[in-house]
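Structure incoming, see below.
In this document, chain identifiers A, B and C correspond to the written order of the chains, with residue numbering beginning at 1 in each.
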Amino acid sequence: MKYFMNAMKGALLAVVATALISVPAMAGEYKGPSLSGQTVTISGPWLTADEESFEAVIAYFEKATGAKVEYAGSDSFEQQIVIDIKAGSPPNLAAFPQPGLAANMAAIGGLVPLGSSTANWVKSNYAAGQSWVDLGTYPSKSGKKEFYGFFFNVNVKSLVWYSPENFEAGGYSVPNTMEELIALSDQIVKDGGTPWCIGLGSGDATGWPATDWVEDLMLRTQPPSVYDGWVTNDVKFNDPRVVAAIETFGKFAKNSKYVDGGMAAVGSTDFRDSPKGLFTVPPRCYMHRQASFIPAFFPKRVKVGEDADFFYFPSYSTKKLGNPVLGGGTLLAMAKDSKATREFIKYLQHPKSHEIWMARAGFLTPHKGVDLSKYSSGTLRKQGEILQNATTFRFDGSDLMPGAIGAGAFWSQMVYYVSGASAKKVADNVQSTWDSIK
Amino acid sequence: MTLRKPQHLTLGRLFNHLALLVLVLLWILPTIGLLVSSFRDKDQLTYSGWWTALSTSEQNAWGRTGKAEDQIEKSGNYVISGTILEPGEKTILTFNTNFRNLSAYKSGETMIFKDDSHFTLQADGKYEWVSQKHFTHKRGKRIFYVANVPPSFSLDNYREVLASENVGQSFVNTFTVTIPATIIPIMIAAFAAYAFAWMEFPGRQFLFVCVVGLLVVPLQMSLIPLLTMYNKIGTFFGTEAKSYLGIWLAHTGFGLPLAIYLLRNYMGSLPRDIIESARIDGASHFQIFTRLVLPLSIPALASFCIFQFLWVWNDLLVALVFLGKQDNQIVLTSKLRELLGSRGDNWEILTSSAFISIVVPLLVFFALQRYFVRGLVTGSVK
Amino acid sequence: MLEQLLNALLAVFLGVGACTLYYVGSNFILDQVFADSGENAVRNSRQRAAIRPWLFLAPALLILSIYLVYPVLETLRLSFYNFGGFEFVGLKNYIWATKNPEFLQAIGNNFMWLIVVPTLSVAFGLAVAVLADKLWWGTIAKSLIFMPMAISFVGASVIWKFVYDYRGPDTDQIGSLNAFVMMFGFEPQAWITLPFWNNYFLMVILVWIQTGFAMVIFSAALRGIPEATLEAARIDGASEIQIFFKIMIPQIMGTIMVVWTTITIIVLKVFDIVLAMTNGQWNTDVLANLMFDWMFRGGGDSGRGSIVALMIMMAVIPIMFWNIHNFRKEEEAR
């Protein structure tokens, strides 16, 4: 795994370098004040395995302080939290999978700011800390920007999953540049195989995997400032640069020779079923571009690191934009203040709370003070290192855009795109929706 | 007394049977797909159609040989042996190490690898790999094969759901929500329906039509205003906003329009003479209702009971909003959704939980539909 | 656990008890206060007759006002406010709705749903109710047709996912419909993405579910037709088909209309199916799904969600008029 320093990002680099040197060695155990008799309520999207992991994180806090922490996970979290906040019965903390939604809640006065000391802590202690602070800062009901969102549990998205043995059998090698990736895809087609598995289906969230593709491609075809402008609509959605990124995605997804099932299957195949094509006999595809959480959906027998592995979704060697990393994450925001809740946030600043989940699966963190060896597998450690060393790191764009776009129009227009519409038309549609909510 | 005609099989009756049979088959075919799927293995669900599970099918798969450390020395050769099949009833037909040509070697034959070692794979999955040189590979070699897979069903999916934490409690919780939420609306609606059907008062038509209109109010619009109201009441009286009482009343409210509509229609269709003669005999409306109309309306009461029970039992949204997720409050639908995981991928849970959840409503249906008995009306005319 | 069940039973007893107490008690008091004897007997009788209906209606009206009428008024209010409900914006949301193509398309789709689904559900429901009435295995047949209703929308969407699923043309299909179609040599299709026809594939699901509803009610209603009437007709030589069209249907026409109305209204409200199968993509969106989208997606815009909700509620007005008309006809016939 190679990661290049981009000379243009010197300033950010300096911050990172300084922070790396000056990070205080945290004491091993967390010790909190006595909070017995107090309760903290948390609601979030984590269920089954993730829920158990979070409960383990909580249990440690409960033992250390005597407080009681109740976590309620829900698969309709996005609707529930809106109802609970609007109706006046919010939990103390809410784990938002999308900053856009948190921003909406802040705008109606449903969240309590975490304060500038927490913001400063994040700036100093998270790799690329300023980005994480910015991602958690939203305008309040009065319009003033406050820091609301503390990120806990993040994922890396610019990954391509593959079966190393299948590559070996075909004589393919891991591509290091986008040009090599495209050449590899053509080679696979020539050999009679299908290079890609792409599936956008996700129930009522159908279309979101395509947004990740487009965002990754935006980062690889345009400088990060254009990406940032795109996310705030300073760069219009139907700007030719965005349309070009969509069309590049189309080169993969709308090319029936490139994708398993042909273009028609892309929109209707569920994203959880799609990667299984890597492991069929004979394989239905050789590569699958998806975030770091996708191994949870591989067939039971597949061992990550042996039967399946990933490589970095490469960038164009000709464009000199470095190797940008796209990622996402869950942020914790306070909806109802209390002393115990504030202490819980402090607990999350301690590396111990991260390390507990790191030892299980499905958790990555940009916290610079954690012990990387606590990651439960080599794969996770590799991903964790990418995160720690990110210089150009950008958060999932659709999670940053206002809800009606990032969790609405962008998704559905992508589906429309793979059903045959043109990139320009689709981009125009999203832009007009965006104009209508301004 | 009229004698019933002997029920012999006329062409008409045959047509009757056939027509109904066709309809029923059409209707249950999709559900059978789900039923079969609920007994299948999780990964198989997404690879092959459910009908393939009913007969022996051919399947492409792969297995791994042992690692170098598993080798033993035998009469001057190095041997790795074992089985590449997981315990099951598969029988291997053909195999190869290259997935592009799966039928290269039949089971029982010997394949010679590039390093001159011999590999023999039997139909039951046992293999023997003999080499004159010491094995040095770290990972087992992948062997691709085509196998016959007989139909296999397991109760694993059901076990997974039923054994999950607190499922029993959530059953109880759901009963706790459903029974009162079914009985109370019926009482209130029956009285109101009778009033609309047989009593005179100003605005009768208008009010009734308003009630019908309320049928259309989308549930989702009520959630936030009502929860806000509950929260305000809760803080005012110092009680919990999310309680069983709250959800009983909410379901009552949501179910009343349909109840009143259906019951009124039924009560209104009862023969006028019965009511009239009772009034002439001096009975008050209250007495007519409780002694005459209510017993006669049992079929309608039973059918509404079925629907309300069903609707409350299967409800997810109202329970999520008005009830919490603690163990003593979470309902079955919510519990089952939780099992689907953070990203909702466990299809096998969906299939088995759909059937676990359907048992009780079906029982209720069976229990109540025998109240659809002809003759209650005719009997009382006499 | 046991304690909780006991609590529930207690609640049932208390609830039923409270209701009984109210109804019996209030009627009793009414009878006492406006006594049937004495000098004001006649006037009392009129008073009683005037008041009693309201005693019967009071609990229902109270609950309906709180749980349904109040939210309607709140929805009306929200339609004039912004997304968070705290800033008055006048008619801005209304104007947005009239210009929004998704909104207009959803209306068009709903129109198709409203014509197809009630008609088919009533037709099939009636057919099954009549056919199953006379056969020894009728109850089994009825419960099988009823099962889709019992299976909840989540279960139904999984079932139909397994029917409509599409994989690529040269792979194994796991969707029943594609397998069926391939048996006859046709190419598999991605059914729920096919323009125009995908709406009908979704309608099939709702018909599949609602037929059980129609059937149950018709079953009950058919039992209300006196056996004597039917026997007499048979003795007179009428065939079963003639009996069906000339006796059964007219006798239960009122019920048919009620079921039709109810299913029509359910069609206006249903969003679970569209949400789970396509989420309104590929031009399948309906008003209820659009409303759900605006209310809850991405933090929600209660202003726009309310407009869509109001549109849904307005669609019921013609139905209400039609019911008034029927109401009057019925009263005259009595």
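Going forward, contacts are C-beta pairs under 8 Å (C-beta built on N, C-alpha and C of every residue); 3 or more make two chains touch, one makes a residue touch a chain.
Everything quoted here is computed from the prediction, not taken from an experiment.
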Response to the item:
Chains in contact with chain A and also with chain C, listed by label, are B
Worksheet item: Count the touching C-beta pairs: is B-C or A-B ahead?
Response: B-C
Worksheet item: Centre of all protein Cα atoms: which chain's centre is nearest to it?
Response: B
Practice prompt. Could you tell me which chain lies farthest from chain B when each chain's centre is the average position of its Cα atoms?
Written response: A
Item to complete: Averaged over CA atoms, how far is the centre of chain A from the centre of chain C? Could you give it in whole Å?
Response: 41
Item to complete: Express in whole angstrom the distance between the two chain centres, defined as the mean CA positions of chain B and chain C.
Response: 20
Fill in: Intercentroid distance (Cα basis), chain B paired with chain A, Å
34
Practice prompt. At least two other chains touched by the same residue of chain A: list those residues.
Written response: 83, 86, 203
Worksheet, complete the sentence: Within chain C, the set of residues that touch 2 or more other chains is 296, 302
Practice prompt. Name the residues of chain B that each touch 2 or more other chains.
Written response: 46-47, 224, 337
Worksheet item: Inside the complex, what are the residues of chain B that reach chain C?
Response: 2, 5, 12-13, 16-17, 19-20, 23-24, 27-31, 33-34, 37, 45-51, 168-169, 172-173, 175-176, 179-180, 183-184, 187-189, 191-192, 194-195, 199-201, 204-205, 207-222, 224-226, 229, 244-245, 248-250, 252-254, 256-258, 260-262, 265-266, 268-269, 272, 284-286, 289, 299-300, 302-303, 306-307, 310, 314, 316, 328, 333, 337, 347, 350-351, 354, 357-358, 361-362, 365-366, 369, 372-375, 377-378
Worksheet item: Within the complex, which stretch of chain A touches chain C?
Response: 78-79, 82-83, 86, 98, 100-101, 103-105, 107-109, 203-207, 260-262, 264-265, 267-269, 284, 402-408, 412, 415-416, 419, 436-437
Worksheet item: Which residues of chain C touch chain A in their complex?
Response: 83-86, 96, 100, 165-169, 171, 190, 192-193, 275-276, 278-282, 293, 296-302
Worksheet item: Any idea which chain B residues touch chain A in the complex?
Response: 42-43, 46-47, 60-62, 98-100, 102, 139, 142, 144, 223-224, 227-228, 230-232, 234, 241-242, 320-321, 324-326, 337-346
Worksheet item: Touching chain B in the complex: which residues of chain A?
Response: 45-51, 70, 72-76, 80, 83-84, 86-89, 165, 169, 192, 203, 272-273, 276, 280-283, 293, 296-297, 299-300, 306
